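Below is one structure, written out as structure tokens, with a few remarks after it.
Lettered A, B, C, D, E, F, G, H, I and J in written order, each chain numbered from 1.
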Amino acid sequence: MPSQPSRELTPIDNPHPGRNYEVTCDTPEFTCVCPMTGQPDFATVTIAYVPGLKIVELKSLKLYLWSFRNEGAFHEDVTNQILNDLVAALDPVSMTVTTDWLVRGGIHTTVKVSHPQ
Amino acid sequence: MPSQPSRELTPIDNPHPGRNYEVTCDTPEFTCVCPMTGQPDFATVTIAYVPGLKIVELKSLKLYLWSFRNEGAFHEDVTNQILNDLVAALDPVSMTVTTDWLVRGGIHTTVKVSHPQ
Amino acid sequence: MPSQPSRELTPIDNPHPGRNYEVTCDTPEFTCVCPMTGQPDFATVTIAYVPGLKIVELKSLKLYLWSFRNEGAFHEDVTNQILNDLVAALDPVSMTVTTDWLVRGGIHTTVKVSHPQ
Amino acid sequence: MPSQPSRELTPIDNPHPGRNYEVTCDTPEFTCVCPMTGQPDFATVTIAYVPGLKIVELKSLKLYLWSFRNEGAFHEDVTNQILNDLVAALDPVSMTVTTDWLVRGGIHTTVKVSHPQ
Amino acid sequence: MPSQPSRELTPIDNPHPGRNYEVTCDTPEFTCVCPMTGQPDFATVTIAYVPGLKIVELKSLKLYLWSFRNEGAFHEDVTNQILNDLVAALDPVSMTVTTDWLVRGGIHTTVKVSHPQ
Amino acid sequence: MPSQPSRELTPIDNPHPGRNYEVTCDTPEFTCVCPMTGQPDFATVTIAYVPGLKIVELKSLKLYLWSFRNEGAFHEDVTNQILNDLVAALDPVSMTVTTDWLVRGGIHTTVKVSHPQ
Amino acid sequence: MPSQPSRELTPIDNPHPGRNYEVTCDTPEFTCVCPMTGQPDFATVTIAYVPGLKIVELKSLKLYLWSFRNEGAFHEDVTNQILNDLVAALDPVSMTVTTDWLVRGGIHTTVKVSHPQ
Amino acid sequence: MPSQPSRELTPIDNPHPGRNYEVTCDTPEFTCVCPMTGQPDFATVTIAYVPGLKIVELKSLKLYLWSFRNEGAFHEDVTNQILNDLVAALDPVSMTVTTDWLVRGGIHTTVKVSHPQ
Amino acid sequence: MPSQPSRELTPIDNPHPGRNYEVTCDTPEFTCVCPMTGQPDFATVTIAYVPGLKIVELKSLKLYLWSFRNEGAFHEDVTNQILNDLVAALDPVSMTVTTDWLVRGGIHTTVKVSHPQ
Amino acid sequence: MPSQPSRELTPIDNPHPGRNYEVTCDTPEFTCVCPMTGQPDFATVTIAYVPGLKIVELKSLKLYLWSFRNEGAFHEDVTNQILNDLVAALDPVSMTVTTDWLVRGGIHTTVKVSHPQ
């Protein structure tokens, strides 16, 4: 049970690969570090996708999101990176990743990235 | 009144088969068992459909959902199975089944499956 | 003022018949009786329409909905019947009737019927 | 299953009579008739009590509330009557009955009655 | 049915005068005129009371509140006046009148007056 | 400052006439009189439009809406009239007027009218 | 990780036994069986307490609540039983257990039990 | 109409000085400047009081709050200052001033000051 | 750290210029001055855009919005101006600016401007 | 600006030490590590206090809460520790610290600690 953060996303077989359906995973438990000030940032991450041959194993998704905890990451960049990593691991029919960040400088920011565009 | 869980879905005649209209049934009273840990999972199930010649009898729907109580079921798989069983029983013009699961590992998951795609 | 429930829907002249516009009437004050158990059911009824030459007089609509109070009615059937009666009385350009029923057997049901389809 | 409305409230033994604890039952499914106009009224009824030696059996409570469906009843009067009937049947340590009525004449009314005062 | 605004509040007999209980009437349909600018003001009025020998007849309450429609009235003054009129008509055990006014000059105001203090 | 209700709507120059953009004005401060009973009605009015060469001056809009205070007006009719008056004064690219009325006879009504259709 | 439901509640040492403070644990993941019909019931359970020398280990609390999954239990009885078991295991300064049950027969029920009374 | 910000609070006669009642004024339109960074801060201000012989004139209250727009002010200090100024101008029976500030550094702050303590 | 309001918007390189994705920034911290009365106005500003080669640096956006604090600005005009300035600085694929203003004269106004139209 | 997490809480002089008033600071930006699994936990922290001679400087409070980011901490223990540290630094008249934790094992936990008890 001493689990570790990991960038490995574990794909598992889609039990119904012949049908296009939607899976959505969201969590308020995402934190990384501002590359300019070194201070923590916090976001809710939402991953919505139509799986291809693979779906994501939930525990590996949790460890993957944990792996950003000490990484410096700009809002726009990390959202694109999460999408790219998930697309590489799962090859989904389509996927949208949205990040919704707690207020900085009085401004609330969200970023939404989709594949394919 | 000593009713039993049952996989039998009772179709009854659609009283207005000549018109396409929408029926939605939702319930927070769905529970099954995680196939990996054996622990209970909980979901809200929403069934939205345009009936063909048959609509579903509500009591049989209740007993059908009850029948998953002690079954091991992955989120994605059981949602597809519920859709498949209802489509087989009712032959609807169209149907969407959505499951919305309580948090596991800090992640909230929903699955949405439609027929026809 | 001793008004009575009535199936008569009073059409009145649309004051702006040359323009398509939308009227929506909704009320949580609908009750009828379950045809199988004889027990009361309760619903919110929403009627949205684009009038033709006639609009519905509100008091007659109230008495019309009251008239179901002691009638046995399945959810799907009564929603279609309300739509049919209103279409017959008003000949609208279009109309949608939605019923949203209080929970029975742990299941919450809505029915939505439109004219023309 | 052909149940009937009934003024009989069935008391059942309190399984923990030696401890003061609170039970609250609420339902939006209450309707009666305005004694002046004969038109239907609708209310949400909330019953909160500390039981004595008896608690109320839920099905009998449902049939009891149903029994007002065709009765003429002023808001203030019927709320007191429900309290009196429940106190007579259960002899609770304390009880509060609240009724919350749908709008009449643009005015929203609630009535709250307690025993003992 | 051609009713008129009226300052007459009609008391009717409290059906349960031997018990202290609470009645609350609230309505968003109150409007009067600003004594300084002549422009309309709007408020939600809430009347909560423990009746003595009399309760207020709802239609007369509606006509009473209507009677302020063309009257100039400061927020603090009219709230006190409504309380005074109701206390004079009903002689309640206790009563609180609250007015909640739509925004003027960017400021939202409420006034709450009780009898006895 | 002794302003008066007025049917005059003051158009002012659109500061960006070369671009289609949306302006929405809404207010809960609309009241008129029921033509059948003489009793007050209350509504929230929402005006959404894409301006042409003119936008509406807000104070004149306020005085315009005030001018209905003592007018008898059916829900459907007055909504059309407000749209017609605003279209005549502003010649917008498009406009939608929605009125959302407080409950009468247990029924909540909204009316939505657009130009052009 | 193949955990099992268990009635064993694991007490662990209160890290600040010299101070009265409040801990609240709530979960919507409680289900048991109606002793009369055999059908599943669902509730949200809230446990609020001021610990004495012990606090409850969260995993054991989860397994404890799981242990009711196939047990027949009346609403009032099971709430008292949960309180009794927790008081026996933890000997808290004070504790309140509340259960909030999904609708049965159109009626929503909550039960709230405290120790000491 | 070219009004100016002003620290003058205009007291006007309480129309019902013989009775203790509550007036509450709140507005989200308060802004001042951080004394350390010179950057704007924003707050909702709520003033609740039981008037003595005087109530506050609303327009003067608006101009008073406006007067802080270019002033440097710590959260705790300005809240006390507003209370002190209002108490000096009105001599109320009692008063509470609450400020609720938009997030700074990820932290949301409120300050609540009362007279008398 | 003694920052100053500034009309300079700092563009920074889009880390993923080859993909169309959406960024949304919103803040309730916008205030300017009414050009007719000199009194403060308050709005929430929302900026949603698909970046081209540049994204906006958040601190410069904050200082930019601050720069309107003492400027006279009509609702419709300032919304267009903010869009124009951001489009000039960032050359986005598309952008929508929405302003949502606190109530003036009882009327709540929003303005929504997009590029390209 | 390269700030660092720090356990140092900076007290600053209370500008109104002669009056008891309440300050509340809350933030959803708290994270620490589960001492048993090493996995991140997340909480909203609320600090409400009546200051004595000192109030807390907000930036130091932010850095203080940040300092728990990589620390192992049980829910009950860390809440007591935060209270103890703040009481040691500020010597407040009274203080309550509440932590509200994201779901673990299906259970939502809050802890509330006060000084003096």
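Note that a residue touches a chain if its C-beta (ideal position, glycine included) is under 8 Å from a C-beta of that chain, and two chains touch if they have at least 3 such contacts.
In this text, all values refer to a predicted model and were calculated from it rather than measured experimentally.
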| item | value |
| --- | --- |
| Any chain that touches chain G and chain E | D |
| Contact-graph separation of chain A and chain D, given in steps at minimum | 3 |
| From the options E-I, C-D or C-F, the pair that copies B-C, where over half of the contact pairs coincide | C-F |
| Cα superposition of chain B on its sequence copy chain C - rotation in ° rounded to nearest 5 | 70 |
| Gap in Å, rounded to a whole number, between the CA centres of chain E and chain B | 51 |
| Whole-Å gap separating chain B and chain G, where each centre is the average of the chain's CA atoms | 30 |
| Geometric centre distance via CA averages, chain G-chain C, whole Å | 45 |
| Between chain F and chain G, centroid-to-centroid distance (C-alpha), Å | 56 |
| Residues of chain D whose C-beta touches two or more other chains | 1, 28-29, 42, 102, 104, 106 |
| Interchain contacts (touch definition) - all pairs | A-B, A-H, A-I, A-J, B-C, B-G, B-J, C-D, C-F, C-G, D-E, D-F, D-G, E-F, E-H, E-I, F-I, G-J, H-I, H-J |
| Residues on chain I engaged by chain F in the complex (per definition of touch) | 74-77, 79-80, 104-114, 117 |
| Touch list for chain I against partner chain A, complex | 14-16, 19-29, 51, 55, 58-59, 61-62 |
| Residues of chain C touching chain G in the complex | 42, 102-104, 106 |
| Residues of chain B touching chain G in the complex | 1-4, 28-29, 31, 37-40, 42, 66, 69, 102 |
